[in-house]
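Next come two complexes, and both contain chain A; in the first it sits with chain B, in the second with chain C.
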Partner chain A sequence: MLVLGIESSCDETGVALYHSERGLLAHRLHSQIAMHTEYGGVVPELASRDHIRRVLPLTESCLAEAGATLDELDAIAFTQGPGLAGALLVGASVANALGFALQKPVIGVHHLEGHLLSPLLAEPRPAFPFVALLVSGGHTQLMAVRGIGEYELLGETVDDAAGEAFDKSAKLLGLGYPGGPALSKLADQGDAKRFKLPRPMLHSGDLDFSFSGLKTAVLNLVQQQSPLDDTTRADICAAFQEAIVEVLTKKCLAALKQTGMQRLVIAGGVGANRQLRAGLDDAAARRRYQVFYPPLALCTDNGAMIAYAGAMRLKHARHDYSYGAKPRWPLDSLPVA
Partner chain B sequence: MSVFDDTRKPYLPDEAATLALGAALAQAVRPGLVVFLEGDLGAGKTTLTRGMLRALGYAGRVKSPTYTLVEPYTLSNLYLYHFDLYRFHDPLEWEDAGFRDYFNPQSVCLIEWADKAEGLLPSPDLLIRLAPEGQGRRAEIVAATPLGTECLARLALN
Partner chain C sequence: MAYLALDTSTEYLSLAVTTPGGIVARHWHVGQRHAERTLPELEALLADTGIARAALQGIAYGMGPGSFTGLRIGCGIAQGLAFGLGLKVVGVSTLAALAAGCDAPRVYACLDARMNQVYAAAFERSGNSWREAGPAVVCDPQDAPQPDGDSWVGVGSGFAAHGDALAARLGGCLSETLPERFPQAGDLLRLALPLFERGEALPPEDAPLVYLRDKVALKTSERLKP
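Let's look at the complex of A and B:
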């Protein structure tokens, strides 16, 4: 079965083709970075009309790469939510129009289910059940995943997401916005022991996170140390990254212990962070847990995870072509596939 | 009415005080109110909003809307929309996002980084600025319309 996946929940437009026997055949992403080059500067990053402009050329490009035609599609999957209503409606409209024109079934996919399942697109594939840490600019959640659609929320951030704390702290440190990756890079040159930053909710006894206070601690430190020299800036970056990595790692271990599960899956943009991967790998190896990561290219929002999740949910496909977006959509309300 | 009556400047020594100010505001706001929240990253804008929502009976998670741009809350007697326009590059994105529809007599709108959509937003009834002072924060609450002045008059500060 050949499934076209369309992701348009936020800033990125992603399109991909997944075949249930042959795997991922093509995927294309129009990221803000590419747009900056293309449009030479100011980018209306969330204008729905940009998704509209991008989605069909990306689809054509995917079909060309896979050597397939629209007629060969067996189903069309799109991100139905959660996300920005206007952006979501672009993917929903295109998917349903295509489905109607081709008389093929259409599947509305939950964005976070796409992220949760993205490590299944890589080898080795984790077997169910597993604990998933979904960590990105918009989300920080721990889930128990027992099968497709069998998700239990174990804990989540009560305020900022981890990626948001990275980006906002980078801004406070004068590294631009969004500067999470720049902060990580600078952290490699810093001394993490010079400053001690708080580990919010590390001993809260539950699996929730809080990163807003960490951002405030960075703000206070920046004011205290101002004006910042390069060494101090790098040292604050290192202390910040160490604090986030420690909290994420310890909560993951606590989730594995609480559920009795042996496998940990990391999904979302912050999952690309090198120190986080090193910290998790090290902690897991000592306790004989296995850790799985999606391919780096699939850590951010993308169409491949939507095509894949759609392929896993073909039986929920619809033929009535009536559609809507679900800007708010709890993940644990999904039916079992 | 003197200018003095239209401004309040409570000192907030810690996070609990910011939450308490939010709770006091919750009792003072009425549907239709537009509030601009000003202050740098980490000043406590989302914390203030959390205090307000808790006092209005919302028990769920209150997250910063930086990535989602708007977090909608349905409460017993009003709708509260918490906007964060930090990621806007161009005021026209306000129109593109369809946010104009959220401003109506049934809703209270809290807007962070309102300057990112300058000229397109309705003018605020209330301006709340949070700035670091000592170990805590200084809040400055300014009423900019008769609706804002009424709200400020109802605001019970300790």
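Let's look at the complex of A and C:
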């Protein structure tokens, strides 16, 4: 079965073609980061205005790369939520109208289910059940995953998402927006031991996270050390990254212990962080569990994970072409596939 | 063979299709439920008029101004339909469609733009076509562009939302106002047909949208100015 996937929930337009036997045939991504940088954050209206100019060219490019025609599609998947309502409606409208034109079924995919299943696009693939850490600019959640649609929320952030803490701290350090990746890069040159930053909720006894206090600690440190020289800036980055990685790693270990599961899956943009991967791999080697990551290119939002999740949910496809965005949509409300 | 038009720029959904017996148009007050309603209603319209998807030759849509999200639902649907069926698209001004729906030689089309503003443009009929008497603008109602002369028919939701301010600004120029009118796909289709015939339709990926309100956020550098 050949499924076209369209993602437009935030600031990246992604389109991909996934075949249930042949795997991922093509994927294309347009990031709007440069456009939003001047505004210091994502401007939802501008995001929507850009998505509608990108979806069809990316789709044409995917079809060309895969050597496929529209007639060969078996279904069209789109991100239905959660995300920015106006942005979601762009992908949803094109997807549903394309399905209507071709008389092919359409599937509304949960964006986080897409992320959660994206490690299944890599080799080796994790088998169910597993613990998943969804960690990005919008989310920080630990889930127990027993099958497609069988998701139990184990814990989540009570305030900022981990990626948001990266970006906000980067902004405080004068690294621009979105500065998360720049912060990580600078952290590699810093001394993580020079400053000690808090590990919020590390010993809370549950699997929840909190990162807004860490951001405040960075603000205090920046003010205390101001004006910042390059070494101090790098040292603060290193201390910040070490704190966040330690919290994420220890909570993952606690989730594995609590569920008795042996496999850990990392998904979402922060999953590309090298120190996080090193910390988790190191712990995995010592504690004898397996850790799985999506391909690096699929850590950000993308169409491939939407096409894949759509292919896993063909039986939930619709032919009525009546759709709507679901800006807020709890992952654990999804039906079992 | 048939052409299709849709408009989702206001709280109405309007669809129209050409048939051997003339244009068949339908509209509904849908609030913000365009995404839920448009394609199912289109399915019914095509079924009732006996038009197969494969018989469609081109898709026209209301390209704005209007509700930003509504415009993108209409444009996205036009893009998806045209891409899937291998067709081209024509975007039509919603203000021009409003004017074309009036049986008058001079029409002042004005839509509520929210944020206490209006979208406005004046149109003069010359034969079977319309000439824009000035560029379409987004502005405060008290700053609405004043057309030359009198006997202009004021049409559209701008006159419902800002009747008093517009009357004060345009009073002498207006002969009557029709505040309940909204852009209709039948009128839009009539405006689009000559463009299809002249080969001026565009590939769906180039489908234009006219928001008029282009400043939607401040850049960091602008926020820091005193």
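In this section, the second predicted complex is superposed on the first by the 322 of 337 C-alpha atoms of A that agree within 3 Å, B and C clash if a C-alpha of one lies under 4 Å from a C-alpha of the other, contacts with A are read in each partner's own complex, and residues count from 1 in each chain.
Here, contacts are C-beta pairs under 8 Å (C-beta built on N, C-alpha and C of every residue); 3 or more make two chains touch, one makes a residue touch a chain.
Since the model is a prediction, treat every value here as computed from it, not as a measurement.
J.: After superposition on the shared chain, which partner residues are touched by A:161: those of chain B (first), chain C (second), both, or neither?
T.: The first partner, chain B, only.
J.: With the two structures laid over each other on chain A, which partner does A:49 touch: chain B (first), chain C (second), both, or neither?
T.: Both chain B and chain C are touched by A:49.
J.: Looking at A:103, would you say it contacts chain B, chain C, both, or neither? Reply first, second, both or neither.
T.: Touch status of A:103: second partner only.
J.: Based on the superposed arrangement, let me know which partner A:10 touches: chain B (first), chain C (second), both, or neither?
T.: Once the two structures are laid over each other on A, A:10 reaches chain B alone.
J.: Between chain B (first) and chain C (second), which, if any, makes contact with A:59: first, second, both or neither?
T.: The second partner, chain C, only.
J.: Does chain B (first) or chain C (second) touch A:216, or do both, or does neither?
T.: It touches chain B, and chain C stays clear.
J.: Using the touch definition from the top, say if A:85 reaches chain B (first), chain C (second), both or neither.
T.: A:85 contacts both chain B and chain C.
J.: Check whether A:93 is in contact with chain B, with chain C, with both or with neither, and answer first, second, both or neither.
T.: It touches chain C, and chain B stays clear.
J.: Once the two structures are superposed, pull the chain A residues common to the chain B and chain C interfaces.
T.: Comparing the two interfaces on chain A, one with chain B and one with chain C, the shared residues are 43, 45-46, 48-49, 85-86.
J.: In the complex of these two chains, what residues of chain A are touching chain C?
T.: Per the stated touch rule, the residues are 38-40, 43, 45-46, 48-49, 52-53, 55-57, 59-60, 70, 85-86, 89-103, 177, 320-325.
J.: Taking the complex as given, what residues does chain C use to touch chain A?
T.: Contact set of chain C toward chain A: 33, 35-37, 39-40, 42-43, 53, 68-69, 72-73, 75-85, 204-205, 209, 211, 216-221, 223.
J.: List the residues on chain B that touch chain A in their complex, please.
T.: 15, 40-42, 44, 46-47, 50, 61-64, 66-69, 72, 87, 89-90, 92-93, 96-98, 132
J.: Considering only the defined contacts, which chain A positions touch chain B in the complex?
T.: It comes out as residues 10, 42-49, 83-86, 137-138, 156-161, 164, 168, 171-172, 212-213, 215-216, 218-220, 223, 328.
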